[in-house]
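Dropping the structures in below, format is structure tokens.
Two complexes come next, and they have one chain in common, chain A, joined by chain B in the first and chain C in the second.
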Partner chain A sequence: MELILQSIVNGLIQGGFFALFAVGLVLIFGVMSVVNFAHGELVMIGAYTIWLLHAQNGLAFIPAIGVAIIVVTIIGLLMERFLFRPTRDDPLAGLICSIGVLFILQVVATLIGGDGPSKQVPPPFHGTMVVFDSLRIPYQRIFSLVVSIVALSTLWYFLTRTKLGWALRAVALDREAAALQGININRISMIAIGVGGALAGLAGALMAPLTNINPHMGHNVIITAFIVTIVGGVGSLSGAVIAAVLYALFHTFVTVYFGGTLATICGLILMVVVLIVKPTGIMGVRVSE
Partner chain B sequence: MNSRLKKIIGSLVLLATLVAIPHFLKFHHQDLLIFLTINVLVVASYRIVTLTGEWSLIHAVMMGVGGYTATLLFKNFDLGMWFTLPLAGGVSALIAALLCFPLFRMTQFYFLIGSFAAGEAIRLVWIQYVNPFGGTGGLSGVEPPIIGGIDFLDAIPYYYLALTVVGFCLFILYRIENSRIGLTLHAVHWKAPLAESVGVDTWRYRALAFVIGSFFVGIAGALKVHYLGTITPNQFGIGFMVFILIWVIVGGYNRFYGPIIGVVVLTVFDESIRSFAEIRPAIYGAVLIISILFLPKGLESIPAKFKAWFGIGSNSDAPPLADK
Partner chain C sequence: MLLEVSNIHVHYGHVAALKGISLAVEEGDFVTLIGSNGAGKSTTLRTISGLDHPSAGEITFNGERIEKLSADKIVKMGIAHVPEGRRVFKDLTVSENLLLGAFTRDDKAGIEKDMGKVFKHFPRLLERRNQSARTMSGGEQQMVAIGRALMSKPKLLLLDEPSLGLAPVIVQEIAKILGEINRQGVSIVLVEQNAELALELARHGYVLETGTVALEGEASGLMDNDHVRKAYLGI
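On to the complex of A and B.
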């Protein structure tokens, strides 16, 4: 019983991270119709920034998070301006360019942190909250969960309550029609990848004290993001959030009882099944050509 | 001199070069030459999958399926290479045929992601089930054959063996592409509705291309494991898949020889920047981006571009039926 409760709590916290980077991937795909394979590496760079600034050079945790967000956002903006914009007519070209970025960012991380063992960041928030005498939640995880929820709520407000958010969703629905209405596609693309990059940077920064940091950590991130995106329904942000939480719970439970590799295998099979049975995902809408 | 004679002389020169090359190389480079020969088959077989316009991300894993099949057959049933090669191809093709049912319900982006997921799942199965796949450490102890007293463990004999097998497979792939099937695959890519309207079952042809490509890459996997002697799941991860994509795209995928040029040029390039060690992937990434931005039709389009600049010949950039 304790194990089950503990797993639920851990799964929810994990779901917060999953949602942060999956939502970014969905935004970028929705607005620019390019699969950003380097999204996992954006998260990785966020984590490395924390390691470099907070763990190595003693900058406080919260300002370091701010720097991580800014750094990753700038990388995202550069990618849009110099790679995705020139290749907009050809989605495959954008995908291949993002793979090039993936290689470059991995090397950048290796140059910054060296080849050695994975890096650890000591948690800046100490202590553990004990609920019902048995359930233990470190404050670090509570902080991450709260920040994730705040960030996602802000995004929801931005997309549904502001004019810019409407414009962004209009471009995601139909780029040409939006352009005809006078919406600047280039500007909206910059905003989409900026927001996606910021969320990836935030996810990396929040994960840094809770995980092993190495140049290849982006691999698992992108696999998770794909699973969550597909299960949630491509292009659906609420679907991605729901799928992130459900998949995180699922993954945590299978990991606890059967092991991590099997959990990922199940996730991938689940994704293929969703693609076959309901390609629009749990929250997706059927789009006709 | 007529073109037929030119072709024959060209082929003879090429053949003589290929036969002579290993004798001028150091041992390390002989090794590399064998892997390059095998990789030529990998990209050529990938091309047949992409002919229908679907870019799969499972090709590297299908190579692994061939490799694991050869390994398990060799270790458990003591089968020689002449049996493991075709059987490796056969098992890859069989698994590909089964995967067709889920995968080809999708197209484009969904197919890309779906094939990636299926491949990753297969690869994780190799990691999860230590018996019989050996887990992360993989399997070892596969040996090359000894035929007529020649030990193919040595690099040069094995190179000739690989060259023969790969050459034979390339010949078949080339014939397939220029046969009725190959033309239909082009039609499925560029004019799918039209092809359907004249009675072509596009699903069947997409699946057929995928199965044929998997068959030949399975053979490539077996060739590799027989030389290397060991096999691990990480040899066939997304990293290697990305390299296949890079070779095909940098070489150019509009013609049969484009991907082959890509793998040869980039392997030589990769070897020449060996001294940069840890920043090599970044150089690779930069080359990839630059070639996508400035040479979207790949290296093979360079001669045609030169001709166009100087006004010689017709601009034959476009692939057959490419007027989408």
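On to the complex of A and C.
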């Protein structure tokens, strides 16, 4: 019983991370029709920023999160301007460019941190909240969960309640029809990848004290993001969030009872099953025209 | 002259879609382009609104050259395009679709007023303003598409096949509203398969055949033209 409760809580926290980077991937794919293979590396750079500034150089955790978000957002904007925009008419070229960025960022991380053992960031928030005797949640994890929820709620508000948010969804639905409303596609692409990058940077920063940091950590991130977006329905943001939480719970339970490797294998099988049985995902709608 | 298209050529890859089309629209005019599939009607509209760009020729709107501008800049100058197949934003509500039509505008009061005008033209949209466009019928989606275009406060409205796939009653309703919009001072270029309807509504007509203008003139004159009667009116 204790283990189940504890796993549910851990699963929800994990779900927050999954949602942060999966939603960014969906946004970028929706607006720009590019599958950003470097998305995991954006998360990795976010984590490295925390390690470098907070753990190595003593900058306080919260300002360091701010810097991580800014650094990753800038990388995203540069990718849009110099790689994805010139290759917009050729989705394959965009994808190959993003794979190039993936390797470049891995090398950059190795240059900064060396290729020794994984780095650890000591949790800046100490102590544990004792909900009741058998359920204890470290404050570090509570902080991550709260920040994830705030970030996702802000994004939801932006997309459903502001004119710019509608414009972003309009571009994702029909780029030409959006241009005919006077919406500047380049500007919206910048916003999409800026938001996606910021969320990836935030996810990396929040994960940093809770995970092993190394140049290849993006690998697990992108696999998870693919599973989540396909299960949730490609192009559906709410589907991605729901699938992120469900998959995180699933992954946590399988990890607790059977081990982490098996959990990822099960996740990939789940993705294949969804692709065969319901290719539109749990929230996806068939793409028309 | 509000819009002057002179001798434009458009290519899709190696295929020539337009081979030297010229046309003119005066302020307050109602012009129609008729012709069969592949004659270049849609391409002409797409080139005016900046979705496609001509390899040769000029387009002048309100005295300014626009043939090299992107679609979003052309909207700001006062041209709205209701594309073929309506292409409303299906996941968004009716009001969100309409407000996106006013994307280039900042005058809150004016937007509110024009929204009211759209609802006056199409009372059904007022009832369904919080419904997602996906749940609406084809005719209602066409109303959303036209309303969305009007929200940019255009001087010139381009319409591509607004009657396609709609029941005759709805077609009549939309035709009536296009007449009203024109009388309120918006110039219209209408592309239609339904030549009879188009020539009834419009003052001037152009007959397009394989990327060139085969005939042009007063709509009533074209209606009496033997070639038009045989080829497009089926009389």
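Note that the second predicted complex is superposed on the first by the 289 of 289 C-alpha atoms of A that agree within 3 Å, B and C clash if a C-alpha of one lies under 4 Å from a C-alpha of the other, contacts with A are read in each partner's own complex, and residues count from 1 in each chain.
In the analysis below, a residue touches a chain if its C-beta (ideal position, glycine included) is under 8 Å from a C-beta of that chain, and two chains touch if they have at least 3 such contacts.
Because the structure is a prediction, the values reported are computed rather than measured.
S.K.: Determine, under the contact definition given at the top, whether A:Val108 touches first (chain B), second (chain C), both, or neither.
M.R.: First partner only.
S.K.: Kindly classify A:Val234 by the partners it touches after superposition: chain B alone (first), chain C alone (second), both, or neither?
M.R.: The first partner, chain B, only.
S.K.: Examine A:Val150 and indicate which partner it touches, taking first as chain B and second as chain C; both and neither are also allowed.
M.R.: After superposition on chain A, A:Val150 lies in contact with neither partner.
S.K.: Which partner, chain B or chain C, touches the larger number of chain A residues?
M.R.: So, of the two partners, B touches more residues of chain A.
S.K.: Touching A:Ile99, do we find chain B (first), chain C (second), both, or neither?
M.R.: Only chain B; A:Ile99 stays clear of chain C.
S.K.: In the superposed arrangement, which partner chain does A:Leu3 touch: chain B (first), chain C (second), both, or neither?
M.R.: neither
S.K.: In the superposed arrangement, what residues of chain A touch both chain B and chain C?
M.R.: On chain A, the chain B and chain C contacts do not overlap at all.
S.K.: Help me check something: in the complex, which residues belonging to chain A touch chain B?
M.R.: 35, 83, 86-87, 90-93, 95-97, 99-104, 106-108, 110-111, 115, 219, 223, 226-227, 230, 234, 259, 261-262, 264-265, 268-269, 271-272, 275-276, 279
S.K.: Within their complex, state which residues of chain A touch chain C.
M.R.: Answer in residue numbers: 163, 166-167, 169-170, 173-174, 176-185, 285, 288-289.
S.K.: Show which residues of chain B lie in contact with chain A when the two form their complex.
M.R.: By the definition above, chain B touches chain A via 55, 102, 105-106, 108-110, 112-114, 116-118, 120-121, 124-125, 127-128, 238, 242, 245-246, 249, 278-279, 281-282, 284-286, 288-289, 292-293, 296.
S.K.: Contact residues on chain C for chain A in the complex?
M.R.: 49-51, 70-72, 75-76, 80-81, 83, 85, 87-92, 96, 99-101, 103-104, 148, 152
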